[in-house]
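Shared between the two complexes below is chain A, which pairs with chain B and chain C, respectively.
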Partner chain A sequence: MNRNYIFLTILMIILAAGTVFLTMDSEPKQIEPEELLQEIIQPTRYVSTDQVAKMIIQGDPSLMLVDVRSEEEFAKYSLPRSINIPIKNLLSDGNLGYFGVPGTKVVFISDDDIKADQMWVFVKRLGFGSTYVMKGGLNCWMQTIIDPERPSDDAPYKDFETYTFRKGAQMYFTGAGADVPDASKIDVLVRRREKTNIASGGC
Partner chain B sequence: MHIHELNPWRTLIALSIFVIILVIGFLTMPKPQLTFEKSISESVDALEESEAYFYPWQLEDIINDKPDNVVLFDIRDNFIFGQGHIPGAENLSANVLSQKDNIERMKELRDMGVTVVLYGEDELQANGPWMLYRQIGFNNVKLLKGGYSYFKAHKDDLASTKNDEGYKTGLPRYDYAKMAAPKDGAALNIESENKPVQIRRREKTNVAAGGC
Partner chain C sequence: MGPLIPNGIIGEGWDFVIAILIGIAFGFILEAAGFSSSRNLAGVFYGYNFVVLRVFFTALIVAMVGLMYFDYFGWLDLSKIFILPTYVTPMIVGGVIMGLGFILGGYCPGTSFTGIAIGKLDALFFTIGLYVGIFGFSLAFPLFEGFYDSGALGNVTLTDVTGIPASYFALAFTIVALAAFWGTMVIEKRVRKNMKQYKF
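Showing the complex of A and B:
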């Protein structure tokens, strides 16, 4: 009888020792490689600088910009309302708490899009959704938002619409030359009015 | 008196069967086809290794000599591949990368010690698949710097790209702070509260224009 109890005790101790090995796994929870590959080959994670600018300007509360450059670079220049998580610090300082918050969109930003994309892969591997990469990164931000190029006069109307938006965004982000964009904006508006007049006259 | 005290052996047998079932269960657990060989922090460090990349000037030897120990995989669509690709490259579209026989093929190439170079239209396109392969233990997979577009622009003089900065990534191309500094000397606070109003007004003018 006693021998049985001893046997049971030993068995329980062995099983309990097994749980030590279960908690040894210090890696956070992550998704399967196949699932990650499926996610990687979808190009849906890219957002344009225009979309990001629009969300910042509209004060979209669900937007969270995560700058993955180094601390020094971040200190020199960063987008409004962005936070800094260099790739190396992803797993430290409770930085993972920023991801997976319901109802938020996380957009990764770097000089171009490679580092941001790498960050995206790691965060995806950890199983977090609603994460995006700003295509072109800050270099593209400078080209399109901070210093937009005026489309040629025979460019499609859509280009002018984008340009008008970018000029407005430029004013918002830099307070730059309010006169010039205003003039060009009126130009475009006048042209459109004339067109609609002609169209209605034809009816 | 407990029931097992009537027949101590019965308890022992039941326990043994229980343990055996547990052991069999663990041993026959289905092994996933792919597993992460590198932890996330290891993978972060591995991004810095220069041997993980393939540089545009190295393509010159590949194109001329066609060595057996290097394979170029073009991960763009079959249609785009047909319109032009690096000579000697094979098409392995991104959407068939995870198919079983392609992974088997990659494993064969790895075991044969063949270097696999992945490229897409730009470096970004192949970046994700390349990272994944490195993370699941394919250390023979390299990423072509600059991608196809850079190769296409420099294919006549690949050797000179050794000193070119054009394909390098992760570099600021502008002085951001200077470029985005408030113009006209006005110290403008971006987060000031009256800013969004300005934007709303701009949207109104659009609506008005549409109504005309």
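Showing the complex of A and C:
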């Protein structure tokens, strides 16, 4: 027997057995860097606090709020219907399963937009679409929805519209009482069903 | 880093140049391994020479295990490698026809060219037959086009089909190959004892 054959046989078995211990596919799939940069410079990922409030109030089923702050901060205060995925837990506990669900819009929330932006970049890099960042984060939420500032009297009508909506949202989220301005008269439109003469079924 | 051409490290125009270089190397190794002799090749069937099995199995397990390490070290992205699509029944039938031709003619397509390169007449006739066969197949292709495309599984690997990690297959194939090396050596010795006139 040739000694080289014995040596080569043993070497090959060791090398092949070694492949069993290699951790394959440990890296998740990622999009190309150029594509990611293209996406990062787009401002379209931002949604305003007003839009988020509107979607929560309307009970939009496609909305998923993801709070990226730590568990303690999340326990202290969080938006209704939001779930907590701290940035460091993104890849663990099957958290990636929340993203890329067809027909859902994921909105990231943090104290400001920095952490939420970071999370957005991570998730985008992993190739998931339909992800957004709440502009200004919870700080902006407090200023605009929880404690909206009354616009000055000479502000454009649009500002007042926003203010009215925010006051309504404030009531929705905090249960604060409505302070109805004296001068405002709200026309209540009552829609009556039109009478119809068409017989609707029957025996 | 790799694969080099899909990742744009080497321009696409270079693929034919690389093909020629690999082809020359492949032909040289085939000839060096003794594959230009139809006796060596047919020896697998009669049990007196298993060099074909040993050479091809060695190439297979070294390439297989090597690719897995390359993937692990990040030198080659295995997910970007082209995988030949699988057609189950046509491939089995094709394999049987190929094996029959191999044992009848004493060559496979690649080795017949190395045979021509060193001036073997049987290899020349085999190659003429090869081209006649290709021509006949092309003309008759509409007859078995349906069968040719049947049983398509797409570009699947054993891991895709079974869910067992590739490294287990690599280990199993390596053990089978190494067992075959040592087993065939024993067979060779026994068969050669009873042979009187044979030159390698």
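Rule of thumb we're sticking to: the second predicted complex is superposed on the first by the 155 of 203 C-alpha atoms of A that agree within 3 Å, B and C clash if a C-alpha of one lies under 4 Å from a C-alpha of the other, contacts with A are read in each partner's own complex, and residues count from 1 in each chain.
Convention: a contact is a pair of C-beta atoms (placed from the backbone, for glycine too) under 8 Å apart; a residue touches a chain by one contact, two chains touch by 3 or more.
Since we're looking at a predicted model, the values are computed, not measured.
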Of the two partner chains, chain B (first) and chain C (second), which one does A:Phe7 touch, if any: first, second, both, or neither?
first
Which one hits more chain A residues, chain B or chain C?
B
Give one of first, second, both or neither to describe whether A:Thr19 is in contact with chain B, with chain C, with both, or with none.
second
Quick one: is A:Arg166 in contact with chain B, with chain C, with both, or with neither? Answer first, second, both or neither.
neither
With the two complexes superposed on chain A, say which partner A:Leu37 touches: chain B (first), chain C (second), both, or neither.
first
The shared contact residues of chain A with chain B and chain C are none
Listed in rising order, chain A residues that touch chain B in their complex are 1, 3-4, 7-8, 11, 27-28, 30, 32-34, 36-38, 40-41, 57-59, 73, 76-77, 80-81, 87-88, 90-91, 110-115, 117-118, 120-122, 125-126, 135, 138-139, 142, 146-147, 168, 171-177, 185, 189, 192-193, 196-197
Per the touch rule above, chain C residues touching chain A in the complex are 61-62, 65, 68-69, 71-72, 165-168, 170-171, 173-175, 178, 181-182
Flag every residue of chain A that touches chain C in the complex, lowest number first.
5, 9, 12-13, 15-20, 22-24
Which stretch or stretches of chain B touch chain A in the complex?
4-5, 8, 11-12, 15, 19, 32-36, 39-41, 43-44, 47, 94-95, 97-98, 123-124, 127-129, 131-132, 135-136, 169-174, 176-177, 179-184, 186, 188, 190-191, 195-196, 198-199, 202, 205, 209, 212
